[in-house]
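Next up is a structure, given as structure tokens.
So that you can tell them apart, the chains are marked A, B, C, D and E in the order they are listed, and the count of residues begins at 1 in each.
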Amino acid sequence: MSGLVETLAPGLLYPTGGAILFALGLYGLIRRHHLVLRILALNIMGSGVFMVLLGIAARGEGPPDPVAQALTLTGIVVAVSATAFALALVVRLARLTGNAIILPGPPDDDAPVDDISRLEHHAHTEAPEHIEPTARSGERR
Amino acid sequence: MNDAGGLLLTILLSSLLPGIAIFFLAEHRRRLRIGLNLTGAVTKLVLVGVLLLGVLRGDEYRFSLPLMPGIDLVLAADSLSLLFATLSAVLWLVTTVYAIGYLEHSPRRSRFFGFFSLCVSATVGIALSGNLITFLIFYEILTLATWPLVVHRGTPAALRAGRLYLGYTLTSGLVLFTAIVWLTLLAGAEGFTPGGYLESLAETHAVTLQVLFVLLMVGFGVKAALVPLHSWLPIAMVAPAPVSALLHAVAVVKAGAFGIVRVVNDVYGAELALELGLTTGLLVVAAITILYGSIQALRAQDLKQRLAFSTVSQVAYIVLGVALAGPLGVIGGLVHLVHQGLTKITLFFCAGNFAETLGIHKVREMDGVGRRMPWTMLAFTMGALGMIGLPPLAGFVTKWHLGLGALQVDALWVLWVLVLSGLLNAAYFLPPIIRGWLGERREPWPEPMREQIGPTRFETHWMLLVPTLLVAALSILTGLLAAVGLSPLGWVAVIVQRDYIIPGLDT
Amino acid sequence: MNLLLVVFDLALLAGLIGVAWRCLASTDLFRAVVLFITFGLLLALAWVRLEAPDIALAEAAIGAGITGALLLVTLERLRVIIAGRRSDRPDTVPPDPSGPGAALQALHDPPPEPRTRLPALTFALVVGSLLVTTLWHQPDAAGLEPVVDAHMDASGVDHPITAVLLNFRAYDTFLELAIVLVALLGAWSLGRHDRIPARPAPGPILPGTLRLLVPVAVVTGVYVLWAGSHQPGGAFQAGAILGAAGILLVLSRPRRMPPPPGTLLRLGLGAGVGLFLASGVYGLLAGHGFLGYPPGWDYPLIILIEVAATLSIALTLVALFIAGRPEGDDRP
Amino acid sequence: MIANTLTVLLILTGLGFFAAGTAGLLRFPDVYSRLHALTKADNVGLGLVILGLMFQAGGLADVLKLLLIWALVLAAGTTAAHMVAQRTWTHGDFESDR
Amino acid sequence: MTLPGEAWLTSGVAGLIALSLLLAVLATVWPRQAHRIGIAGALAVNAWVLVLGAVFLNAGPEPMAAATRVALGSWEAPLGLMLHLDGLAMTLLALTAVVALATSLYSLGYVHDRIERRQFWPLWLWLWAGLNMLFVSGDAFNLYITLEVVSLTAVALVAFTGTAAAVSGAMRYLLVNLLGSLSFLMGVVLLFGEHGVLDLVLLEARAQVGPTERMAAVLMTAGLMLKAALFPVHVWLAPAHGSAPAPVSAVLSGLVVTGSFYLILRLWMGVFAPLATPAFGVLIGLLGVAALVWGSAQALRAGRLKSIVAYSTVAQFGYLLIAFPLMLVEPTAWRVVVFFAVVHALAKAAVFLAAGTLQHAAGHDRLVDLGDILRGRLRTVFALGLAGVSLMGLPFTGGFVAKYLLLEAGLGTVLAGSAIGVLWVIAIAGGGLLAAAYVLRMVAPAFHQGRIRRGEAVSAWMDWVPLGLALVAAAAGLSGTLVLYTLSLTPGAP
């Protein structure tokens, strides 16, 4: 019994937990189509990786390895910035396409493309807001 | 980059720089464009002349640029490269004048002349290249430079011809590319050395060398229009006359033949080719091409198609000469390189004149053209007779040496092939001549097709007529003055004497 | 004692995996986000268990707090855009012909069709099991702790994590600040900012509490920043706390968005990265290597950089919450 | 020695209140009663746990910090409960509950 | 002027990173002048890279000596972070400088709207700084962070046009990128768990064939392939390259793809070298052939100019994958492959910029009715054609020399007796033909008869930069020996 307890030290238990979270997040990312859920799945995968890293930091007797912990802190901040940008992109996509879902199939290749180099900033045409006049973000496109 | 090499580079640039300048020239700058073209052509001719004298005196010219570790871009001038260089320099000057006249008021001339000079620079590059890799580089540039000329008119037919042309040449270029890489891997990036540099490999890699030879022949065969790979040539006739002339008399077709000459003589060497039995295969293919070309020419009703098929068979003469691997045969082959160039360009100029001035395309329409355009018809007759091989003219000199070469190597059946093809030549060249002079035309000749030819004293625009007559005179002279030292025959004798230690050279 | 800890670990991990599973499997987005926030808090607990208090602080403040807030505001924006209806103004709903409330439909992701279930499941299981077996084969060696300990005196700070972050691996931390800034630039490039689609909560309760909470938050933030040099704390955690205070302020007055002055905002955002780079370049020129500190000057410089970083991170997080570039940028 | 037993006792009672609060969360029918259960029980439970921890605290500073934690949780808890109640009052239950 | 000595090299590398970061921060803080900062910065960075290259070449390490390693903040590995400059990194820095300068000049004309400019330039300078940092970084976790910088900026720039296609393309690209980053990070964490160090050179010293290395290799390589947005996810990401603004797609197809390939090469020559078994090499080679065929087939079918070029990137990436089995039989073949990647990046960037100009002039890039614009703008078509010739591998361009060397390596393996080598040779040779087919598809309409229209006015930059870059791609042919010599100065590599 005590042998088992030694083996289940945090240095091994948490990395295993982290690996399971990584796989769970991967499964969620593949299965779900709603972008917010996919972003959540990515965050859970990230937490899984950080759990593995911090589990590794806690290995061995002495105090935990500060380098690994510093890396995790960096990782968390990177994760939050990536998530924030992704959510801003999702909102933008919803405003353009009317829903926040990316279907698994390949994209339609010949969608009409106009490019920004032809845009001139004469008058700032405010897109008429059908809901209510919150100051729509500058639809310059 | 020794100084002697500088001359070679300037020859190459003498047509490249004007070409690039013309590319950026606006369409209406007619005078500047003509000036650039002519200065380029004249400077190249002068420089090639200087080079000719230099090589005659026997001094060395070499220019090398490191391209890859162990492999350099080498330009070298030996007597064989001079033969092709002089031919292309002379004919480029003539064809430029002709093209200026021919494309008088047509659109997109800057683009045409840009690619035109690019094309000739590639041809001169091929002539002056010192090793197989440089040869391949200019060979592929030639392909890319000629495609826009073939599709110049922009008609769907032209583009289809262009696509076919690219299809053939790019695939063959790829085969050539792989073969050259393989050869360089085996034998190292050697320069062209008379007598070949593959003896050391002969024992160990006999079969590989044979396979490589076949691959190389496929690579060059497409441009030299050997039988199975020739079908792009007649279809490419859709291009304007100067392009057909340039393609068939000077650049593309000759580059293929020149490549075969280089490989057989300067890479494998005559003995090794003989030993490995490569020349017999080449001989058979050349013979088949000669006969097939002549028969197709007979059946072709369109004048330019007929000339195209005659080119297919005439170039095979060169390959035949080289494949004979006897000194006389090689002389016959090489000298035909020049003769065929001159006579074929005359015929194409005449065909161009007929088409441009009177709108004649079919052989049937040539009745009584002799009376309407006597000078052009005279040039056409001289060229055709030269092709058939009448004694005083150039064609006879070639066939005479080829015959002797065949006898020397006692390949009798080749003699019969020559005789038969001579008859076939007569069969497809005489009818147009007879129609031209003796046939009479019932309805009056249409007044000149092109209003810009305008009231000229001659039968057509002077820029179309003078080059034709000049080239016709040249082809006659090469035949008459064959024995003189500086004539093509004399020069080829120098090449064969100095460069090829072929056993039993007795002339 | 060890047994108790193992039981606690197993319970905690089971809880974590369970919450994560429920979060990803839920069809209603709001439920998924709430579960994700609980997952974040449980995660903070796990980091405490792994003796990483700094990371626990960061996870709670950033992972659960800020990310949760971002997710919730995104849901509200999606609800407004897709369903065309705001949750607190039911009367504005245009007659909705398409079956159940579009709002409900907007934030509802139907369970995926079973076709892709098997391949996805097998793939995830394979990846997971390979990872677990690899981790089980790894030696139980201590990491770089002894090396860090040996150089602690030369690092100018007492707390090992701050030493690693701001001295030994300063380059990574600089890039991390840069990434936060880049994420903001990316968000700003997508469009101009719009007000948070919500009406201010009526009644004095929220403004009153905020008047009490915000100063306390600011004091705590500064304390955490200051404590970072000798005990768990530091720029990122402090930045997150101040950012959270900022977001609370923004939420309390969603309509009257204070138009931030263009240049001042830009300077604030760029302060952290700018100062860090300036000290790094000085270090390079003075011969201590890029991002190196002159001897004796490392403690004051680190503190200065940490203050600037906290300011920048707080501003960036609030700007990311608003997720739109200020009008000033669009004036020619 | 007494401090430890006191701490254990206080924390256990605190946990009891937490358990009551969670039971209330699961059992009660509507939002308001659930809010009621949560805020009341958990705040008291937290107070007891903090009181228990005070005995373990190193010095006065730690004790004050613990009290500060309790005060902040109280303030945050009440505001949150008020906001949720107000929203439910203005326009009905959360969609997700239906 | 005497070149500074070898000691300057270390601070030179750190200086380059400091300079590119300085530009990015300045542009972020001062957006109204961002484009001026950008152009001045582009010239400064190019000058710096030139001097760095000169110093590296004559004062640099002998091939077998250690590479130039810079300890940041003078903390040596394993504690501190090391920058790592050797022949491979130097070549790719030079490539990045050239392509980035051309793209910056082009962007002056392309993004001429005052308000767009303020957002474009900071993101673009961060992307360039990220790429520079990626090529000199010597630490595994630092690679993750620089990859993250590159990915976020690349995604933001892909979404820059703001159309539905661009934003959905960017969203797909972001999801794939984040998944790739996490997979890469998990690989780094596993390596750290096993060996306790993060520096690549130290890792290489300690790595042996074990479960951790194998799993880390799979995870990191898969992550990098995902981030290159090419194989095996390219089906899902076709618009990412196609619908982005022209300068962005030029950088995406040129530099970001080459960056991912560089990292895969760096890892498989260093840390995971013992894992490279012939069977694995053949597998990667077959993947390459599949990518080559699929990419070319799609390029022949695609209706839009930029989609054709995007699919051709997938095809050309197939070439790079084919090179892996070559490297197993003949170790020194990696230099040839890097040279091919360099030349491809130049040519692909030139083609994308030319396509951008044509799209701007015509207002759309549907190939079917682009004929009149193609006929109207011969300079851009010539640039497109010349760069296309380099993609085909025909003389006289860099592509020709690269293809020659690749064929030489391929035939070398055949002569060394590997039967599968014949497949590689056929693929390399055949690839050129397929490239010829889709380049012809883009260029041929210019030679058709028909209406000639110049279309929208195009700024001088957009008119001349594609031609300039195409000429540079052609001139790369002459630089064969120089580049291969620089690549040979990579200690540790075969």
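The working rule: contacts are C-beta pairs under 8 Å (C-beta built on N, C-alpha and C of every residue); 3 or more make two chains touch, one makes a residue touch a chain.
The model shown is predicted, which means the values in this text are computed figures rather than measured ones.
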Any chain in contact with subunit A as well as subunit B: E
Reaching subunit D from subunit B through chains that touch each other, fewest steps: 3
Chain whose averaged C-alpha position falls nearest the assembly-wide average: E
Farthest chain (mean CA position) relative to subunit E: D
Per Cα centroids, the chain farthest from subunit A: B
Which two chains share the largest set of C-beta contact pairs: A-C
Cα-centroid distance, subunit A relative to subunit D, in whole angstrom: 32
Gap in Å, rounded to a whole number, between the CA centres of subunit E and subunit A: 26
Whole-Å gap separating subunit A and subunit C, where each centre is the average of the chain's CA atoms: 12
Centroid spacing, where centroids are CA-atom means, of subunit D and subunit E in whole angstrom: 56
Residues within subunit D bordering two or more other chains: none
Of all residues in subunit C, the ones touching two or more other chains: 131, 135, 138, 141-144, 148, 168-169, 172, 176, 179, 182-183, 186, 190-191, 330, 332
Complete list of chain pairs which touch one another: A-C, A-E, B-E, C-D, C-E
Contacting residues of subunit C [partner subunit E, same complex]: 130-131, 133-135, 137-139, 141-144, 147-148, 151, 167-172, 174-176, 178-179, 181-183, 185-186, 188-191, 266-267, 269-270, 273-274, 277, 280-281, 283-284, 288-293, 325, 329-330, 332
Residues of subunit C defined as touching subunit D within the complex: 28, 30-31, 87-88, 90, 101, 103-104, 201-203, 205-206, 209, 212-213, 216
Residues on subunit D engaged by subunit C in the complex (per definition of touch): 68, 72, 75-76, 78-79, 82-83, 86-87, 90-91, 94-96
Touching residues (chain side subunit A, partner subunit E) in the complex: 15, 22, 26, 29, 35, 38, 42, 45-46, 49, 52-53, 56, 59, 67-68, 71, 74-75, 78, 81-82, 85-86, 89-90, 92-93, 96-97, 102, 104, 106-107, 109-121, 140-141
Subunit C to subunit A touching residues, read off their complex: 2-3, 5-6, 9-10, 13, 16-17, 20-21, 23-25, 29, 32-33, 36, 39, 43, 46-47, 49-52, 54-55, 58-59, 62-63, 66-67, 70-71, 74-75, 77-78, 80-82, 84-86, 89, 92, 94, 106, 109, 112, 116-117, 120-121, 123-125, 127-128, 131-132, 135-136, 138, 140-146, 148, 160-161, 163-165, 168-169, 172-173, 176, 179-180, 182-184, 186-187, 190-195, 197, 234, 236, 313, 317, 320, 323-324, 327, 330, 332
